[in-house]
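What follows are several structures.
Okay, so chain A shows up in both of these, paired with chain B first and chain C after.
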Partner chain A sequence: MAASNSSSKLFRGGLSNNAFAGSRPSSELARLDFLSQQTRTFIQMRTNLKVVDNSGAKRVMCIQALKGDKGARLGDTIVASVKEAHMGGKVKKGDVCYAVVVRAAMQKGRCDGSEVKFDDNAVVLINKQGEPIGTRVFGPVPHELRRKKHLKILSLAEHIA
Partner chain B sequence: MWSVLRAGALSSSSSHITNQFRNLSSSSSIVARGFSSSAIDGDDSNTITKESEMLSLSEVQKILADVGADDVKVIPAPTRCEFTDYMVIATGRSPWHVRNISQALVWQVKQKQRGAKRMLLPTVVGEEGGKWIVVDSGPLIIHAVDEKARAYYNFEGLWNKNTSDTEEIPDFAKAFVKVRRKNNSKKRPQAQR
Partner chain C sequence: MRLEKCWFCSSTVYPGHGIQFVRNDAKVFRFCRSKCHKNFKMKRNPRKVKWTKAYRRLHGKDMTQDATFEFERKRNRPERYDRNVTENTLKAIKKIDKVRVDREARHHKERMKGKKEQLRKEGVRELDQSIHMIKAPAALLEDPSLTIPKLKVKVSQDKAEATRMEE
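Entry: the complex of A and B
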């Protein structure tokens, strides 16, 4: 009896809590969401990235972000070490090469005020002169590559976001 | 998998995004993209007069013929490809020849805009190594490659496949029809339809 009374009180308490939460202003809910969401940051040393061209590599780890003191963003070049590779590809495991970030989980602002972000971090391997090692790029790539003079990767891409 | 999120369109925006983005939440993503691409391209792809200021397709073909580029191919970009209208591929016989092609195109643009207060030159990517040079003039992108790079990257296969992707989906009418398997395990005679 007492248990049921207390449980019913808890239940009512839960209900009243929910009603109260529903009537809270949306800014406070947004703040709660902000605290529970991850803040996405830059691509820095030890970041694992996916390779989205057919150069043979599968996963790559960033060794150095060439520009930016906090790390690399969408469209920047990084130095990376190949951690996983397909058999018989153009690069093998342990190779150090340059790469261009084509998808980043951190949002990048565009000049009209909108921001674009992706679900994963992905790179395309290039050589020192900026030529892509693979011949096709999979998945969407953003327009930011045009501004950063990565037209070669844009022209090999299958879908441009 | 990969999903592109426009922060302006998200309903639950984090608190550090300003009110400016909330105002954009009602606009479609295509509108936002249109703004951004025109801002990123400079003023190249806004109007037809601006396009003829940089380079037109016939002029490019004349220059490529003058310079002696081999195997010039013009590929209209697929309709879903918004960043450019035409892609031109030309082959050079040596690194010097490839560089010469790109320099001839830039020189032609400079000649057209001579005397203007401010010249709008096309972007040239890959000038130092003579293997693959991209000249980007807005709605027209010219790729000057040598034969080895052309065989390696196989541009025609890439862009022709893209153009044909959008046009036909084979047997679309039949795609949603359910076809029942023939059941031969029962012993009664099959009714002829």
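Entry: the complex of A and C
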């Protein structure tokens, strides 16, 4: 998946060279714009995720996806390392903690056959038992969390997608 | 189960179809197929894209206000299941559909009224002004009845001319 992303970027680079040489700006730019639609994939090691609770962390990097050989999806738990944190929060930079993915840019199939996708990749930090560390959750969360028994997060959420 | 409307083209999204995209401000966009989804990702405005219902309503091609649209309003209150109510609702849906289709056909007819007259007028104007594209003005001066190529006599004359030209 990462290879396909990087290859699409290389292709973009190639096209832009041709565009400047060929002096047909509008059509080339339109094609470049179309190519910039990415294929969204799993959350794996080294994936940066946004933290959407008030536990103190701002950004977190995935160390391990606990289930799934290709990576974590919407609703899965991951092990993450805190990369950026607010001052005086419950977690600080460098902490290793568990987290549950509440928004994923990759589409997830629902049981009625449709698919959902969100705008970004976001997590809520939890402890080993599955309870959230923070006391508030921001943004929409999916109701896939109900199946995974993260009812506390659902109760804290402001909008359930 | 609920039948949603596609955000881009306003067609119904049946269960098992389409993608829903949840933006971070919790606004949900439902799309019926990847065509609409891709247009959305390209940031196209559905009111400017010719084949969408939004464009057609905005430019008066389709009906905007009608009593039949009131029946399709979204209701958030769950109804207790009653067999008779369900049966009557299904019958009513069929009738309302027929009424709506009839009204749309009428709207279309009203819109296209006067089209035949307009085409005829344009044809006459074209015959008057642009006949030089078909027949040379010199030929017209010889025989002024050459403008209307419908007469049978005309055809034989043309053929005779053509044979003379070939010779």
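Points worth noting:
Simple rule for what comes next: the second predicted complex is superposed on the first by the 125 of 161 C-alpha atoms of A that agree within 3 Å, B and C clash if a C-alpha of one lies under 4 Å from a C-alpha of the other, contacts with A are read in each partner's own complex, and residues count from 1 in each chain.
Here, a contact is a pair of C-beta atoms (placed from the backbone, for glycine too) under 8 Å apart; a residue touches a chain by one contact, two chains touch by 3 or more.
Because the structure is predicted, anything quoted here is derived from the model rather than measured.
In the superposition on chain A, contact is made by A:Pro140 with both chain B and chain C. With both structures placed on the common chain, the touch criterion links A:Val116 to chain B and to chain C. More residues of chain A are in touch with B than with the other of chain B and chain C. In the superposition on chain A, contact of A:Arg40 is made with neither chain B nor chain C.
Applying the stated contact rule after C-alpha superposition, one finds that A:Leu156 touches chain B and leaves chain C untouched.
Of the two partner chains, chain B and chain C are each touched by A:Gln107. After overlaying the two complexes on the shared chain, residue contacts for A:Lys70 are found with neither chain B nor chain C.
With the contact threshold set out at the top, residues 33-34, 37, 103, 107, 112-120, 139-140, 142, 158, 161 of chain A are in contact with chain B in one structure and with chain C in the other. Taken together, the chain B residues at the contact with chain A in this complex read 1-8, 12-17, 20-21, 24, 29, 32-33, 35-37, 39-41, 81-83, 87, 123, 125-126, 128-129, 131-132, 134, 136, 141, 143, 152-155, 158, 162. Across the interface of their complex, chain A is touched by residues 1, 13, 15-24, 26, 28, 38, 41-42 of chain C.
Taken in their complex, chain A has these residues touching chain B: 27, 29-31, 33-34, 37, 103, 107, 110-120, 122, 129-131, 135-136, 139-140, 142-144, 146-147, 149-152, 154-156, 158, 160-161. Residues of chain A touching chain C in their complex: 33-34, 37, 103, 107, 112-120, 139-140, 142, 158-159, 161.
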